[in-house]
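This is the structure I have questions about; it appears just below.
Note that the chains take the letters A, B, C and D in the order they are written out, and that residue 1 is the start of every chain.
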Amino acid sequence: MSDPEGRADLAVKVGDVELSNPMLLASGTVGYGEEMAELIDLNRLGGIVVKGLSLEPERGNEPQRIVEVSGGMLNSIGLQNVGADAFVQDKLPFLEQFDLKVIANVWGRTVEEYVGVARRMDAADGVHALELNVSCPNIKEGGISFGTDPVQIHAVTAAARAATEKPLWVKLAPGVTDIGVMARAAEEAGADALSVANTIRGMAVDVGRRRPLLATIYGGLSGPVMFPIALYLLYEVSLVSSLPLIGIGGVSELDHVLQYLTVGATAVQIGTANFYDPTASQRLVDELARWCCDEEIPTVREVIGSLQVGEL
Amino acid sequence: MSDPEGRADLAVKVGDVELSNPMLLASGTVGYGEEMAELIDLNRLGGIVVKGLSLEPERGNEPQRIVEVSGGMLNSIGLQNVGADAFVQDKLPFLEQFDLKVIANVWGRTVEEYVGVARRMDAADGVHALELNVSCPNIKEGGISFGTDPVQIHAVTAAARAATEKPLWVKLAPGVTDIGVMARAAEEAGADALSVANTIRGMAVDVGRRRPLLATIYGGLSGPVMFPIALYLLYEVSLVSSLPLIGIGGVSELDHVLQYLTVGATAVQIGTANFYDPTASQRLVDELARWCCDEEIPTVREVIGSLQVGEL
Amino acid sequence: MFERRLALESIHTLSGRCFVLRYRCPDIAAASLPGHFVMISAGDAIDPLLRRPMAIYRIVREAGAAVGFTLLVERTGRGTTLMARARAGDMADVLGPLGRPFRLPATDVLDDEEDLLVMGGVGAAPFPLLAEVLVGRGARVRAFVGGRSREDLRCLDDFAQLDVPVHVATDDGSAGHCGFVTGALEAHLQRAAGRPRIYSCGPTPMMRAVDELAARHGCDHQVSLEAPMGCGIGVCLSCVVPVDRGDAWIYQRICREGPVFDAATLGWR
Amino acid sequence: MFERRLALESIHTLSGRCFVLRYRCPDIAAASLPGHFVMISAGDAIDPLLRRPMAIYRIVREAGAAVGFTLLVERTGRGTTLMARARAGDMADVLGPLGRPFRLPATDVLDDEEDLLVMGGVGAAPFPLLAEVLVGRGARVRAFVGGRSREDLRCLDDFAQLDVPVHVATDDGSAGHCGFVTGALEAHLQRAAGRPRIYSCGPTPMMRAVDELAARHGCDHQVSLEAPMGCGIGVCLSCVVPVDRGDAWIYQRICREGPVFDAATLGWR
């Protein structure tokens, strides 16, 4: 039971994935969980989405890889990771000790690479679901990001769908004209849930040196500044998709969690807050339980999608 | 001279529009200038972009119209304005007293409305340039925003171009997959400069009441949080367009101004900062002058587009 | 209207989440009239970003000259919580005085009717100054002070000091009349002769209930409204309220055409 | 590794934009070794968002027990400027101790060679604790302290108190050797016999120059590196540095595999 006093019912289901509570750790912000386990009790969380996995190990981008900006940060880590096989062999056993769901974040530079990782995750017992990170350039299609083209989202989702029986989540990219179109493409290709959203492109310049602060010129914006933008994107997606949704972006206070749930998220992911407030996820579980009790809400599931719009 | 000690050369040219310095007041954040004139010396600024003008007066949206969010705010004012004719008759004479450029921000619900306003601004002596706000739904095209479709941007820009001889700026909307495509459409249709960018869609929910905080459900995000996003968009536009650019979004410190100029902006607009720091624009002119002196930069024009990327 | 960066002179905590901030600033103090407000920063960082609107509470005078002002603030959210933590010497950006103050009765009609000030919770903030000015002009002033509970009653000391009779009402009956402040007002209106001038500020339901009484008794009624404010000076159009213009209604800015409005124009009746 | 919310015990201002913060926290203090660092919040708001990495400067002991620690901070940007304004009692979130500390020589080889601590500016912060531990083990320690100018020299009092001989160098000659601290180090290496162990921390050009000398004299050389850090605990992968692994290079995390590295593995040579 997530509620320390055992009173609140925080359990939610993202499709077939049963979570003890809606709090997940976001991909790329907690590695493979080892370091976080020194600080928080992973058993207390709904789940962990591990750092994006590719077929082969990746070194990632050249430093400087992050810049702090007002209320957020830019990153261009470049998806450095140990690779799918090493993850299964060296990292997954650690996570299997805990009572939380393990979601593998999957990426590739071609559809085939996505499929390769998906197959390996399908075969790995401790993995409960896959989350496709479609914010990657497709090198076979001139480097256009999978996530900005409904045809490509459909293709990569359908291919991954064929490669795994496990629940398949698709993590949408925010920088598109109509995220609803992308959501529908993923849904039609067989996604079981949609994660909204990945980071937003941003830039910062060192004026003294007349150079970008990130080695890759621009990077992905995350943190509190993202919250109202991602909440709106989730709302947009909720209007066109009947899939379970996962709210991602800027979560650092209970009010953020509740806003996501109210607009229609079944769960949320906590990313950048893990850096500047490393016990935030666990505290939010407690706060959510207490809020449910104080508001006399028997189950947090009542909050999901409870938004009322239009005239009173 | 903008520099109090008369040492720095801050003059810039946005196409044919000569500005005494790169600091403009952004549309919708300073009304028609009357109230700001009680607080700052408008003669000290490069220019003012007045509140978006439509053919007929507009009441705007129902309140609640703003929400504060972390590091920014959401607004859904709904383009309340006195209308093009009343602007020319009642508001413009006040601004003509000052030595700064007056830019008319123009919007409509159809191409014809844009053209109507553009004609009136063309005929009004005190107006030095027009800025098309293309972030409006085109009611003849099913309500899709002009700003998210290159065909429509082209159409509205070309029509306005035909309606005025005056410099024509197009203010791009940020929420698009590829802002470069929009920039090129505006350029090909005859725009003289590009303003980057308008507000980003965001949302906020009153969890207690399970309702959106804004009467219109979502609104436009502005303020410091926008800065890294708009800077990146400006960079993207700079890669594909040779037009003069105007950086808009989050300007509140000298470093923001300098980052925009370095990436390629000829001028910047100050919006939300006018609310929480009403003398910011004038102070930034002073700080820019002082910076140029301290850095021994004879003209601020040297900074424009001075960004260096790639290996050292 | 002055934009000033001011050091906090003192902070004084009251009951019920309220506190008083004192600033020295002859410019703003000398120009402030009852009903005016300021926009004040709640910190130096970007969160909270916007300044907070706060009514001018009292004017601080030295040797007769206005040298400073105070704000009566209730801790409700993020910004006011930060303000409550301020210490003497802390700096704040203050823009003011702003808005259109209470319309005062002409001096020659002052004796004819009473001036009734009706307030709920921290809505009391502008009234001690209004009472002070009215009393100074020889008016007969009466205050109706409401709150949820005893510790939410504001400005009782101010009114006592000004010899203004006070009618108290609390929702829970912990002080004065048990119920809404409008109950006390109604009782007075029924008892009293004439058509007193009414001024109210507080929760909207309270002000609307006051206006019903005012309409019924044919009283002039001014209200001081609140709305989320972006700028406080009229440039953002965030704070609008629909106002009757006879043939049509228009949106007016609470920060510029208000915060004080003639209740009769608000379409409440 | 402990996550603690701590009240500032005292702040002490030094010359040249530096100051010392003292916190009471037996957990972190008792676990801290020379070269360890903490991540500390620079305010409660979201700007600045990220915590700042700061080396453990000194351990505060009472009756022999470690009860607290100090940080030696230079005001360089937004976060450290806020930290400089802190007052006793202000709260900060502190996570630590973090990273891999300096590798200490085995006790039986301590006498063979000198331990030379080479530092520039605020890079001096970890060295008084390192000197204290080394001296406590009977090592022969020597400090080379560099700075732009006299007021940028750090920790001279600490070394004096520990009886550690100090070689000073300033860029402008306002104190000690005029020039880089590597000049003083080079002179000593030429004079001294053996292959002293070198530890350095400061601007990268300084550490690289030190490493050139270390390589030339066949000295073991550990450096403490800096990089912008998102998390300080190894989960964000922002702080990486390329490290030689013989056949290939890999990115290692300064916050986890460092901040102390064997200079020989950094591909500088």
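Everything that follows uses one rule, which is that contacts are C-beta pairs under 8 Å (C-beta built on N, C-alpha and C of every residue); 3 or more make two chains touch, one makes a residue touch a chain.
What you see is a predicted model, and the numbers here were worked out from it, not measured in a lab.
Of all chains in the assembly, those touching chain A and also chain C are B, D.
Greatest centre-to-centre distance from chain B is found for D, with centres as Cα means. With each centre defined as the average position of its C-alpha atoms, the distance from chain A to chain D rounds to 37 Å. With centres set at the average Cα position, the gap from chain B to chain D is 47 Å.
Chain centres here are Cα averages; for chain C and chain D they lie 56 Å apart. The set of chain D residues touching two or more other chains comprises 46-47.
For chain B, residues that reach two or more other chains under the stated contact definition are 70-72, 224-225. Taken as a contact graph, with one node per protein chain and an edge wherever two chains touch, the assembly is complete, since every chain touches every other chain. Residues of chain A that touch chain B in their complex: 69-72, 74, 148, 175-178, 200-205, 207, 209-212, 217-218, 221, 224-225, 227-229, 231-232, 235, 250, 255, 258-259, 262-263, 306-309. Here chain C touches chain B in the complex through residues 1, 3, 41, 46-51, 93, 95, 227-228, 230-231, 233-241, 250-251, 256, going by the rule given at the top. In the complex of the two chains, the chain D residues touching chain B come out as 46-47.
Chain contact summary for the complex, chain A toward chain D: residues 28-31, 35-36, 38-39, 51, 59-60, 63-68, 70-73, 75, 77, 80, 223-225, 252, 272, 274-279. Contact residues on chain A toward chain C in their complex (touch as defined above): 70-71, 224.
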